[in-house]
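Pasting the structures here.
Below are two complexes that have chain A in common, paired first with chain B and then with chain C.
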Partner chain A sequence: MSPEPSSLQRTPSEPKAAISRYGSNAGQPLTRRDGILKVTGRATYAADNHPEGMVFAVTAVSRIARGRVRSMNIEAARAHPGVIEVLTSANRPPLFHDPDEKMPPFGFRVEVLQDDGVRYANQPIALVIAETLEAATEGAALLDPQYDVEPARVGLDTGLRFDPPGVGVGGAPMTAFGDIEAGFSKAAITMEADYETPPQYHNAMEPHAVVAEWDGDHVVLDMPNQALALSCATYAAFFGIPVENVTIRSPFLGGGFGSKAIINGPQILAILAARMLKRPVKLALTRAQMYGPVGHRGQTWQRLRMGMESDGQLTALHHRSISATSAFDDFLEPAANASLPLYASPAILVEHEGLRLDTGTPGPMRAPGEASGSAALEVAIDEAAEACGMDPLEFRLKNYAETEPGTNKPFSSKALRTCYAEGAARFGWSRRPLSAGQMRDDDGLLVGWGMGTAVFHCPHFPAEARATLRADGTALVETGAADMGQGAWTALAQIAAEALGLDIDEVEFHSGLSTLPDAGIAGGSGHTASAGLALNQAGGDAIAQLSDLAVNDPASPLFGAGNIGVTARGGRLHRRDDEDRSESYAEILARAGRSDIVGTAKSARDPDVASTHALYSHGAVFAEVKIDPDLGQIRTTRLIGAFAAGRVINPRLVQSQYFGGMIWGLSFALHEEAVTDKRTGRIMNADLAEYHVPVNADVPPLEAILVPEDDAIVNPIGVKGVGEIGITGTVGAIANAVWHATGKRVRKFPIRIEDVLSA
Partner chain B sequence: MPFSISLTVNGQSNSIALDDPRVTLLDLLRERLHLTGTKKGCDRGQCGACTVLLDGRRINACLTLAASLDGSTVTTIEGLADGTELHPVQAAFIACDGLQCGYCTPGQIMSAVGLLSEGHAGNDPERVRELMSGNICRCGAYQGITQAVLEAGHALSAKNDAQPAGVPEDGRNAA
Partner chain C sequence: MNRFDFLRPASLAEAITAAAVPGSVYLAAGTNLLDLMKIGVTRPERVIDISRLPGLDRIEWLPDGGVRIGALVRNSDLAYDARFAAAYPAVAEALLSGASAQLRNAATVGGNLLQRTRCAYFQDIASACNRREPGSGCDALQGENRLHAVLGWTEQCIATHPSDFCVPLAALDAVVEIEGAAGRRELPIEALHRLPDAISATESVLAPGDLIIGLRLPEAAALAGHARYVKLRERTSYAFAVVSAAAMLDMDGDTIRSSRIALGAVAAKPWRAHAAEAALVGQRANRETFETAATAALADARPSGDNAFKITLAHRILVRALTLASAGTPKVMPALPASPFPEQHAPAPKGDLHVA
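Here is the complex of A and B:
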């Protein structure tokens, strides 16, 4: 088995960046430590692995959305030169966990050929293994499955409605504060409107892949993975082996967005095939196959009702979502919950209903719930402001929540007012005409300005880390984090270096490997805070041990200083009261006869913090659109966001996260939609040409203002999260700008040419 | 029925025994030559992740049958750096943070190298956005990508002015 680098420590033969590093350590805009590997093609993604003797697996997928597979031409597939094996429900080796049994905490039911049933289009119905990719692909095509077809349940009218026990991951389906009907009866002005959001697919550039290699009852998996420890436990259960027998190597993910945090059927089947054939197996889904078994953002139908006093003060806010899930498992977009933390209404009611469709099970997709819910809420707020004859920013400020609505908990920090002010000033919002259809540019295009508020909660996952100070004064820092593009290789190393009082180049950082300490889940925008806190505390532990050695050693210039009186900086401990008295880590270790000091940490959120405070990142997004009055073509021409998310570890990477989120918001507003054929239940645009995501020319010049925010409460390192908040606010800002340009209120996403052309 | 083609990859000429006529250039590079820097994002010419230079021109390796390339020259992301010196486009992508997850990055960079050598972009960000739109970046690193292409364009012009023979006409920089 080829060794996999789990470290980004450079070797002398590697190319050097033709640019100098800009700054170092926490707070500085360091360039990506994995940049050179990524620009030279040497960053290793799962499907780049090619162990000796490896064979290729290709899934055959269902062309119907509901029914059963009556027959397949297995013999034709087997007869194709190069084909080694064909797995179907008839001959699939047993698994040690029932795939229809959900495994806590984030377990999903998976389709692994447990029977001949078809629950959605693109469900795996066979796995063909061959010596080459070409032979496996051809073998899968030769299977020519015949089906007993049942009608597909697609859309609001044919699906089964139900009251869900929960929404999202363990969220309550209904939350109520205050007396909602009293609020409405008190209102001088009311608004009510329905909104629709489509099914969306993550479409990470890297298709889901795995290279599985067994050695007895140990297995090594190269796969992109957002939750290493959790996944190891799940695979161990499926294959009936101890958890320590599963190793996952995931140094780089080619994007995840939530889709690589959840176990899926095709990867399990490939691992099973590798065990059965006693050969390494590679499986990479095709792009089309990613529209089914690997999750998506479920469709929603939302209704918003608001009551206001005549001065715009909210008296009631009612947000209801019908959230679609599959016919066999539950993941419901907690869309209505977006209305809980933001606007100060004395009465708030949010509720959800489920809808079963013949689709693959939805899952968390970048800002799950928040994105869909914010899209509807922020348009509704714009409509409410319009109904009150108020500027949308003035309306938002009128209803600014000084404490968390309903709970009255103080926010750990909330610089939203500054976000509004700085974003508005930068955008020139004060020059916006109140009513729609007032602005045209020199070319006669309709111009509209809109805004939205951004908000995202701050989850914190338990995490572990290890920091080893070495005899030469450098350090090895280890945690099994996941870098899916957000910059964990860089930002987490910055946090570790800071905790150890070392320059970042003195820190060797190992990550992306399941045998390292568990860094928790890379999700919920909580990875930097969660893994970062563990690294901070592990570093602190190592420094504390080092200080003990020094201050208790009469030969040290730090003797007698006491732990409290020592600071770690530049690879030396300094007396706090006399900075000139210092000693290097290497000297302290050498005199103590120690080859190293190992600091460890298991970190988690202080439960008191969550019970006493509301923990959110905030922001404000301002958009300009230009619309051709004859053609209806909509272009976003300016997009400015101002975000406050606690401490910024690396402003360069944080800006990129905000930009990415804002582009996802633009995509939500104007581009993305999986279109299902009502007759067959198949997705008609399961490819990157017809499922539209923004290309470079779709994206205007972007600006992200990083609003400073000190937060000593949210966690000891003051870090919130930046990965998902950019979507929220942006969708509404663009939709509201479309209204402002045209006077047409479009409530179904994505907004299309025909929506603004129609009367 | 095996047959062989002659293919120059990153400056090195190879006689390649093709085991299968269905093999695309992308799968030849990735699964047979183990040059895995070139990525597969869609396998049907829609995402640009597999962009390489074929005889100096930008192509989607996934849409190109290897068997049709006898006598051709291919440059991949692995052949771009000159020893330990990054190509100016590679350096600019790092400096401008024109990447996040990195999966589309080799294709983005090869497209950028191609369009710069063809002299299409000039100093116009709108032109760059348009010309780079065959390469999808789902992370949304477009602003950095655009900036990187412009900066690399400047760096390459300066380099060409200083030493006119420095960069080959087709933008390949492989030894």
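Here is the complex of A and C:
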């Protein structure tokens, strides 16, 4: 079996000129390069692979949340026709890495049948491999496990509280600026309130899946993956093989939202089974099985306290979060950190406490920390404005942070004022009555308007890329990026094409494969900036080499232009001071006798930038809700966001990202919640019929205003991130609109019918 | 899922004979059965596919003005049948408020009548459930039960019947035609579903092997002008009802001659509200009258758990349904059928929104 798999041919391409692309260079609203493949079903996802001889693996999962498996009917499972093997803690082959040992930086403890312990409901307790999916499924059902049950710890009153060493991924559990008590003692007005956010599950459309095929000590994995290089290293450690022996093919992901960046137990078990059986193995989780071993957004209980002068100026901001994690590992929503970068209080204290529950370990889920923290903060700000008798926008402007609170670092760019102004104008915010319960529409529905501030930090991951200029003047561009549906295939190719001075159709873009240069992690809204910078620099490297050939070649019209320089455009190098003197890439290469030029880059953030500047995207979200006064049914009728996130590579895709984030925020505010039975710790709505996310009819016509923002500091391509910011601000905006319509301040998400029902 | 025999009988008689074997189930569209088989709630030994039986997919108009609907008529086909939707608008509205377009295109009339409860404890095979396993208990009683029954429940079972379609059917005195080992018989729909009692949570009166082959609705022209189904749900579409109500009025000016009323999602069966109907006879159609009727409908309601708010909501959804029905059946089906929200006319975004 070749380590260069045939799926390499899955590179998205469209017939040229089949559809209008509306311009293809960076900054243009190019349609998705993979769009036709997706809508015609030719884009293959991991579970679409069926290598010769493949068998099926199904996990049996625990129905209790805490205790141990006393026995299972292995014989019944083995006797079922088609069942090949049953793996339990008694016979699972060894792994080369201790699954109870965390593997930095994004490693978590995983459940891979290392013992008979049960630490949460839906934990894998056996793996059944069979010739068919049906036989494996029935084999798992026949195991009929018997348990020694211990009481499940569910909720604030039964969980174990602890002081966490860190929050999120390596974040400090507590940050303080200024004298918080002094701030409160000089406050003329104070507010204090408690907020609660529920456990939420990623529910990517595509479940976690893997097709694993071994050849000796090489393994090829078809799996959706947001962090190819990191995952290869982790799998290599688990299986005791060199990292280069692991190939991951992940051309498309049907959504990831953070849950496909981290290694999980079921996938490791399937890979192990493939090695043991010497046959390719496929495992795809069911929807219900995704509620446990593949991460979720942990529950939070937050308290916000604010002190204000009588004119609304903040004197103190205190944000505390109790963040739930599992009984055996730590991932705490860094929710309180949402209060650090936004409002100019002379004293800010953010702190976290941990709560151990018998659940799977939470993980990063789209805007981890920012989403739940912003939900509480933005409602609290609304309450603070109310306490001061001020318009919520006026209150936010009064406390506008000109520099980063606490550190006083300048922002690399911050067009938040423009976001406020553009969004408010578009929404008609100035006509908003100050107090609640003032507006009704012609049908008698209660109407409310609310707003929230959006903010998201700008992480940057090290990344590599390769750009090969070919003899015919076209280019091959390679980096192991992840298209989760956000449009990486398109936006990254636009950046590469621009760097190479080529039309995008002259650029063959290879991605989604671990043997390509490491594109870093598709997470933290940093993928376009991180992989994009590598592509930009690899393209620049190729052009520089090409330029060297031309300007040093007496036969070239560009000869001697070395000091003046050349520009790359339309497949030609042009003399910078005389655009008419130019030569095509193909001509330069041909005369030099070169079949190609390979440009490479390893890029990372300039460490000085992060130490001297605060790096954030910003936005403002305005929401209108209408509420049936008798029935309490809430509908979001308008949702307008204005966002500034540096340079926009593709406005069409950026707008879609904002829309997706805003819909996610709507879902957070009004719909999403995993409901846990308090006696058993089992999640009772682990399917898409009962775990509600919005349907199209719940989503009003959305508007996302792309506020221009030039940022020459954040990174050389000026790109911030757009993937997660849309959630922040939106949750609070909708909750505040619900208050404005009804006068009821709901502080527990999601907001339900009974919360706003009038007596 | 477990291994099972799959049969596709060619005739009704063959199907009935095949189903006499214990462990048999009938399969029509499978929109409910297959899900339950996948999660292990139902583990049949023998699946009898009736989806291709001839003659069960017709909508037939009867000489007395009523209609006979074959058990295999698809939900969408029935709802979009112009003559049916005009004659029984609340039924069409209820059908179109259920599930998703894809499910409605597949789901059959007969299957809808027999769909199982959505109670999470019924669907979770590790939980005690008297419906799934008689005598095992009811874990919903002390569990997550904010959407459970407020009428007709016992400690045996607090689940609700999930169907929208059955709510107006109950109001209209639909008759269910059943073929079984003992031949053909008929039941009023009110007698098809059973409420739990002190010792049992049996769902329907059908015997093993019984097959619903059709459904008859009596003529109801006098009600067609003032007929609505209204459904409160936690999202705008693709959600089961929190509470729902079918209301049909025979009006003489603004006086109510007679009415048909049923509530949904409040009990283990579609809940015909005879007391509310009686309260409306000869009354003026106004808010006060409707409040009185709703109070009568819910006189026996009591929370089965964390769901007292559902009693308030059931009262208000009935008042809303009566109010909307008295205003007249809409000339065209609302874009969001059964939504209590008035049609929204949100302005479309104008032009290019990019500032850049």
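Here is the rule we go by: the second predicted complex is superposed on the first by the 736 of 759 C-alpha atoms of A that agree within 3 Å, B and C clash if a C-alpha of one lies under 4 Å from a C-alpha of the other, contacts with A are read in each partner's own complex, and residues count from 1 in each chain.
Assume a residue touches a chain if its C-beta (ideal position, glycine included) is under 8 Å from a C-beta of that chain, and two chains touch if they have at least 3 such contacts.
In this text, all values refer to a predicted model and were calculated from it rather than measured experimentally.
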| Of chain C and chain B, partner touching more chain A residues | B
| request: Answer with first, second, both or neither: which of chain B and chain C does A:Gly485 touch in the superposed model? | output: first
| said: On the A-aligned overlay, A:Thr132 touches which partner chain: chain B = first, chain C = second, or both, or neither? | reply: first
| said: Let me test your reading of the model: by the given contact rule, A:Ser310 touches which partner, first (chain B), second (chain C), both or neither? | reply: neither
| query | Now for A:Lys38: first (chain B), second (chain C), both, or neither, which partner does it touch? | reply | first
| request: Mind working out whether A:Ser595 is in touch with chain B, chain C, both or neither, as first, second, both or neither? | output: neither
| Touching A:Trp664, do we find chain B (first), chain C (second), both, or neither? | first
| request: Check the residue A:Asn408 against both partner chains and state whether it touches chain B (first), chain C (second), both, or neither. | output: neither
| task | Figure out whether A:Leu631 sits in contact with chain B (first) or chain C (second), or with both, or with neither. | result | second
| task | Answer with first, second, both or neither: which of chain B and chain C does A:Val695 touch in the superposed model? | result | both
| So which positions on chain A get touched by both chain B and chain C? | 134, 138, 655, 689, 694-698, 701-702
| chain C to chain A touching residues, read off their complex | 1-3, 39-40, 118, 120-121, 124, 126-127, 139, 142-144, 146, 232, 234-240, 242, 309, 312-313, 316-317, 319-320, 336, 340-342, 344, 346-349, 353-356
| field | chain A - residues contacting chain B, complex | value | 13-19, 31-32, 34-45, 47-48, 50, 56, 132-135, 138, 203-207, 252-257, 284, 286-287, 483-487, 652-653, 655-656, 659-664, 687-689, 693-699, 701-702
| field | chain A-touching residues of chain B, taken from the complex the two chains share | value | 19-20, 22-23, 27, 30-31, 34-44, 46-47, 49, 76-78, 80-81, 83-86, 88, 90-91, 93-95, 97, 99-106, 109, 125, 128-130, 132-146
| remark: Seen from chain A, its contact residues with chain C in the complex are 63-64, 81, 134, 137-138, 141, 288, 422, 443, 445, 626, 628, 630-633, 635, 637-638, 648, 651, 655, 670-671, 675-680, 682, 684-685, 689-690, 692, 694-698, 700-708, 752-754, 757
